[in-house]
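Every chain is named by a letter (A, B, C and D) in the order it is written, and numbering of its residues begins at 1.
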Amino acid sequence: MAIDAEAALMTLLERCHELALRNEVPDDEYPEVIGYFPVYFPEEIVHAAGLRPHALYGGGNKIEVRLADARIGSFVCSICRSTTELGLNGTLRGMKGFFAQPICDAARHMAGIWGRNFPRQMSQLLLLPQNANSPATKRYVYDEYQRLRSELATQVGHEISDAAIRASVHVYNENRRLQRELYGIKRDDPARLSTVEAYLLVRAGTRLRREEHNVILREALHLLTERRVHPRDKPRVVFLGGFCEQPPLEMIETIEDACFIVDDDLLIGQRWILADVPEEGDPVWALAESYVDRSAWSPVQYDARKPKGEMLMQMIREARAEAAIITAAKFCEPALDDQLALAHRLNAEKIPYLVLEFEEKMTSFEQMAMQVETFAESLLFQ
Amino acid sequence: MQYVAGIDVGSTQAKGVILDEQGNVVGEALLDMETNMGTAAERVFALALASAGIDADAVAFTVATGYGRYRVTFGDLQVTEISCHARGAVAAFPATRTVLDIGGQDTKAIRIGPSGEVVDFAMNDKCAAGTGRFLGAASFALELPLSELGPLAMKATTPVKITTTCTVFAETEIIGHLAKGRRPEDVLMGMHQAIATRCASLVRRVGLTPEVTFTGGVSRNEAMVALLQEVLGMPLNVSPRAHFMGAIGAGLYALDNARAGRRSVRVREAIS
Amino acid sequence: MMLVAGIDVGSTYTKAVLLDEMKTVRGTAVRRSGYKPAAAAAAVYDDLLASAGVTKEEVTYIATSGYGRYMVPFRHTQITELTCHALATKYHFPRVRTILDIGGQDIKAVRIDEQGRVRAFRLNDKCAAGTGAFLEKTARYLGLTTRDIGPYALRSEKPVEISSVCAVFAESEVINHLAAGIAPEDIIQGAIIALAGRSVQLMKRVGLEPEFALVGGMTQNPAMVAALEAKLGAPLHLPPRGLGQLNGAFGAALLGLRRVEKLLAEGQPIPAPGGNAMGGTGVTRVRRWSAWMPEQKVMPRDVPAALGATG
Amino acid sequence: MTAPYPVLEGVDARTAGQRLINQWLASLNTAHERGQPVAYVFVMGNAVEILRAFDFALVFPEINSLQTGVRKASAEFLAKAEDFGFSPDVCSYVKADVGLMLSNMQHPSGVTMPMPDLAIASSMCNVYIKWAEIWERHFGIPAFVLDLPGKRFAHWQAPAGSRQREADTRWVLGQLQDLIARCEQITGRKFDRDRLAEVETYVNEMVRLWIDILAFNRNRPAPYNSMLDGLTYMGVLNAWRGTREGVEYMRLLHREMADKVARGVGRVPNERFRLIFSGTPCYVNMRRLIELFESHGGVFPAADYLTYAAGGLDSAGIFYDPSRPLESLAEVTTLAAQFGLSNHFFSHHTLAQQAKDYLADGIVYHGIKSCRTVATSMADNREYVSTRYGLPTLYIESDLIDPRYWSDAQIKNRIDAFFEVLEQRALLANAS
């Protein structure tokens, strides 16, 4: 019985793995695809247009970067490189649009690179604000969302009705609730659901219409309840640094060999909105307001209400973690700046932490394993 | 009978050639770099003279190229190796439109115009600096002489994938793969493929136009030649004197000057 | 008499130490790891037994360390080199709080507490990989062997500045200095000073708490030791003669000894070799999704059907 | 005739400019003793007009940092920041500034930099915001992030009167009102519209002259080198923006350049090649870099830097309407952000246009190690411009002020080769 459930769960996870790490957007892809660069994107508006939002999380460590190196400066992170490569080598040729946001200077350049190289795709910046603290902020986000709405309407050749957006909000609210449940398991019973498994389940959603993803998540949550677990003695840690460029699966596995990751910011854009978006009233306003008042945090969004050190301490408290692993992707300036501030804060709080640097394209993890094990050993020797 | 000289002082080797009035190579010499580039240049020049069987007075003009070009005290003129490799390649293969040179310090792709002039060139960006040194790193990690790397790589059956563009990380990667028990030939082939890929992207940067001529010492590595032909999808011109191309180009520039009636003033002092 | 072996399988050298219950060194062995660490470990272990004049049967426990720690099938347990260095250094110098290890591939700084537990550690930033290997390469440009580096560098009167963080740029700097006709000893000494500077910076990142110790191969390089002490303005403890390179193996053996004592105290049998990892560290019972390859591509629209199959 | 300004008397514009810069720096020493509030601002999108209206003393941390480079002190300041824990990959301006904080604000210019009462970070460079967060933690003052909506894509336009133009202007105006409230609270003074109008009149005049001054370099030979003398001129434009001294200086500069053009005097004795510079300077080696070009008779008549680092008003020839100072400030700031400041991301057409306007023989791209704002897509930009417009281009890499990323041999090699290419082209052009 439980064995069958386990087998079914594995089959489900294999599907998710295939979807999650799938880069291709072929010409005949249907529904048509609008790609966006991390972190957050108001997918509901794209969904309501009958298109499929497609989160671009780089090429991973399986693709070979041949063309993009000639287009991008030396000291720029891997996700910009590999995403450009996927464009130049035709992997994303079926994409109808590309959106980047002002999360960092490199990301803003992606819109320019895309516009120069792929004139047939709509390539734009969605200018989400870096000032979340003005009385005028919500109105501006609202206006920018309305701009997006009309750009997409032109793309599909018909207006996008409030009703349609409201329906999408409904689907996404459920999706976010299911993701919160998943993370609840990771926090309360980490042996039941590994971070890699949770990761694959969440990332699969970036390759599906959300209603299909909801089916998968419901199924997974059901199967997980029947799972047999062997509790193991591993330190509980939170993981930071996965909000944009994605650490390779090997890296997450290397960490979980020695620790339980009980909370993280992996794919944080997928659960950026922390509570249900109101399903009545003007749906675009509801989305804008949720972005400003009910959203997560990352090194690339400034909000005076969310000092990074405080947010980390809150995360550690709520996850009942004893230590933190704060990573940064190579050349990711926002993460590197925060990494130092967070380290100083953790020193002050006397909370053990491990600092790691990664690249999505890395393939050897020996040195990382040594560091993670040493860290775990130092925690277990307490 | 008047002669000219081309001296190419690179980071790992010094090369010298003597050309006659028709631009034929009548003497050549190659030296592994020693701690003083200036004296290396003088020694390689002396050896080249000896192999040509002439003495310094017979040399009308000398052009120096390569990173050490300003260390060549007896040089009458300095020209960068970009122009020199282009000139040498075109002399060897007149239909050359693209030149690739893998050097110790820089890898260069050069686009040649219809009249043999340099139209555009690209060099590796900083983080891919010394792609040529990948091989040095490999020989360091595998404790094998450079000359044996190519042949061994050819034996590969399942090459590993080297993802990094950085020589430093590459070394760690090699050691990692070897530690995991991958066979040296497969790791080596992986290295060669990584280099070939990077060079190809550099060539594309200047626009890949046939014919392509491959110059510099690495062109003697048959594994590399085979791979480059594969990734570029066209044959490469490789001269038996490929590693002298810079020096020969320098010699040809010297010949222009000699023909224009300019005469060296510095050779005698430097040598006597 | 009880014997415990510690084997440190490093990227360049594999080292082994045999301790008895009095923590006295009964034997040591060192070999180049080459690119077959497992084989090297086995060979080194034989050398070790030979050097101590004992048989396999007489050895109670084997602890491995270094990046090849999992590649030794006959081990009882494995532990990382940092934890080993901490234990060994604390054993030799109880007052040391900050340890520096300059290896072939990376630089490590470790802060330990009074009981020799690792409290914080940092490895060099990838782009600051100016490591032992960089020094060896510089030496080769200058036609020197690794052994000559120290003595040769000490001759330098006005060391040249090598500012690049990146080893590749630094190598170019070396070449350009050569092109400029600078004396080799001044260049190699410049490289040493640069490397010392980066090492001390790393030590600062873990708090730079005195006293300080240097472990690993670099202990054999007098110029490097001098440069580090100059930068620190404080003396460096070096592991006892002959043990510098063996520090990791020594620590592994100490830990092995500690384990055996614990097991005996609890009246438990010594387990058979086969590398059960401490606290589950490093064991991989879980499925490796990173290694799993989908056999055929699945288009998103196929998924609901697929779900029907599973549910 | 205006009142005399002794610093401007009897010297050339470059010297006068350096004097003004030093005078401004020196004045910062005593700002707090004078009871003057201090604001930290950046060169791209800073609402200086409002701060002047409240009589803030202005500190430009970017200028402080580049000055550590100019004064060859950057290495030690960077080392301090990296010892403190900053990665080598972080913007070297940020690190030099952290180095300054760790040195009790003792700046190599001899000035003790005052602590900020207010810090404004615009969104024109994301690092500004991370930088401001460092101040929040270090000085304990809340940052004011001024979010300026720029271009959405290369040919994006928001025509006057369009819904889009209104939306963006409304957003900027709203934030300027927040800023005014913040200033009133800090200074205890009420906002003075007339004072703002006066400042704007000065800025208008300075920008009018600046646009001419840029245009003077369309002449052959070019009267000044954008990336050497031009940097000093722009320094004054930033530090004395919206002041009477600033206007006087621009007049002096204008006269000098007009005269040089009239007499056909060029910056480079024998100007042979005219090149557009794209990217920021490497202040620690700028003289050397320029010398490597000028030794071949190469001059930079224009550089995109002189637009985006100068406030961007010149980019669209836009001016304030002092009769409605605040509304106009919002409108113009929005346009400047769109056309001037957010231009890095889509600058291919602008560069090609500059090459045309300034009769350039090629474009030099200077990739900056630690500045992704200018450097990320330069190689792609170069690809586009050289294939699309057949312009010879050169790509070199170093850093703003980090001497470790300047490799003289490599850079000289590339520049020499580039001029050999230009020579060959010229030869062939004459031959045919």
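Rule of thumb we're sticking to: contacts are C-beta pairs under 8 Å (C-beta built on N, C-alpha and C of every residue); 3 or more make two chains touch, one makes a residue touch a chain.
Keep in mind the model is a prediction, meaning the values are calculated, not measured.
**Student:** Which chains make contact with chain A and with chain B at once?
**Tutor:** Correct list: C, D.
**Student:** Write down the chain pair with more C-beta contact pairs when B-C is set against A-D.
**Tutor:** Between the chain pairs B-C and A-D, A-D carries more contacts.
**Student:** With centres defined by CA atoms only, which chain is the most remote from chain B?
**Tutor:** A
**Student:** Would you mind pulling out the distance in Å between where the CA atoms of chain B average out and where those of chain D do?
**Tutor:** The separation of the two C-alpha centroids amounts to 41 Å.
**Student:** Take the average of all CA coordinates in chain A, do the same for chain C, and state the distance between these two points in whole angstrom.
**Tutor:** Taking the mean C-alpha position of each chain, the two centres sit 36 Å apart.
**Student:** Of all the residues in chain D, which ones touch at least 2 other chains?
**Tutor:** Correct list: 85, 87, 89, 367, 369, 379, 383, 397, 405, 409-410.
**Student:** Give me the residue numbers in chain C that touch at least two other chains, ranges are fine.
**Tutor:** Within chain C, residues 67, 105, 125-127, 169, 172, 176, 179 contact more than one other chain.
**Student:** List, in ascending order, every residue of chain B touching at least 2 other chains.
**Tutor:** Expected reply: 67, 105, 122, 125-126, 172, 179, 205.
**Student:** Write out the stretch or stretches of chain C touching chain A in their complex.
**Tutor:** My answer: residues 67, 79-83, 105-106, 117-123, 125-127, 278-284, 286-290, 292, 294, 297-298, 300-301, 303-304, 306-307, 309-311.
**Student:** Can you check the complex and tell me which residues of chain D touch chain C?
**Tutor:** Interface residues on the chain D side: 75, 82-83, 85, 87-89, 403-405, 407-410.
**Student:** For chain B, which residues are in contact with chain D within the complex?
**Tutor:** Contacts found on chain B: 67, 78-83, 105-106, 113, 115, 117-123, 125-126, 205, 207.
**Student:** Which residues, counting only chain D, touch chain A once they are in their complex?
**Tutor:** The contact residues of chain D facing chain A are 84-87, 89-91, 94, 123, 125-127, 129-130, 133-134, 136-137, 142-143, 145-147, 149-154, 156, 164, 167-168, 170-171, 173-175, 178, 342, 344-348, 367, 369-373, 375-381, 383-384, 397.
**Student:** Can you tell me which positions in chain A touch chain C when the two form their complex?
**Tutor:** 8, 10-15, 17-19, 22, 24, 30, 52, 194, 196-197, 200, 207-209, 212, 215-216, 219, 232-234, 248-250, 253, 256-258, 330, 352, 355, 357, 366-367, 369-371, 373-374, 376-378, 380-382
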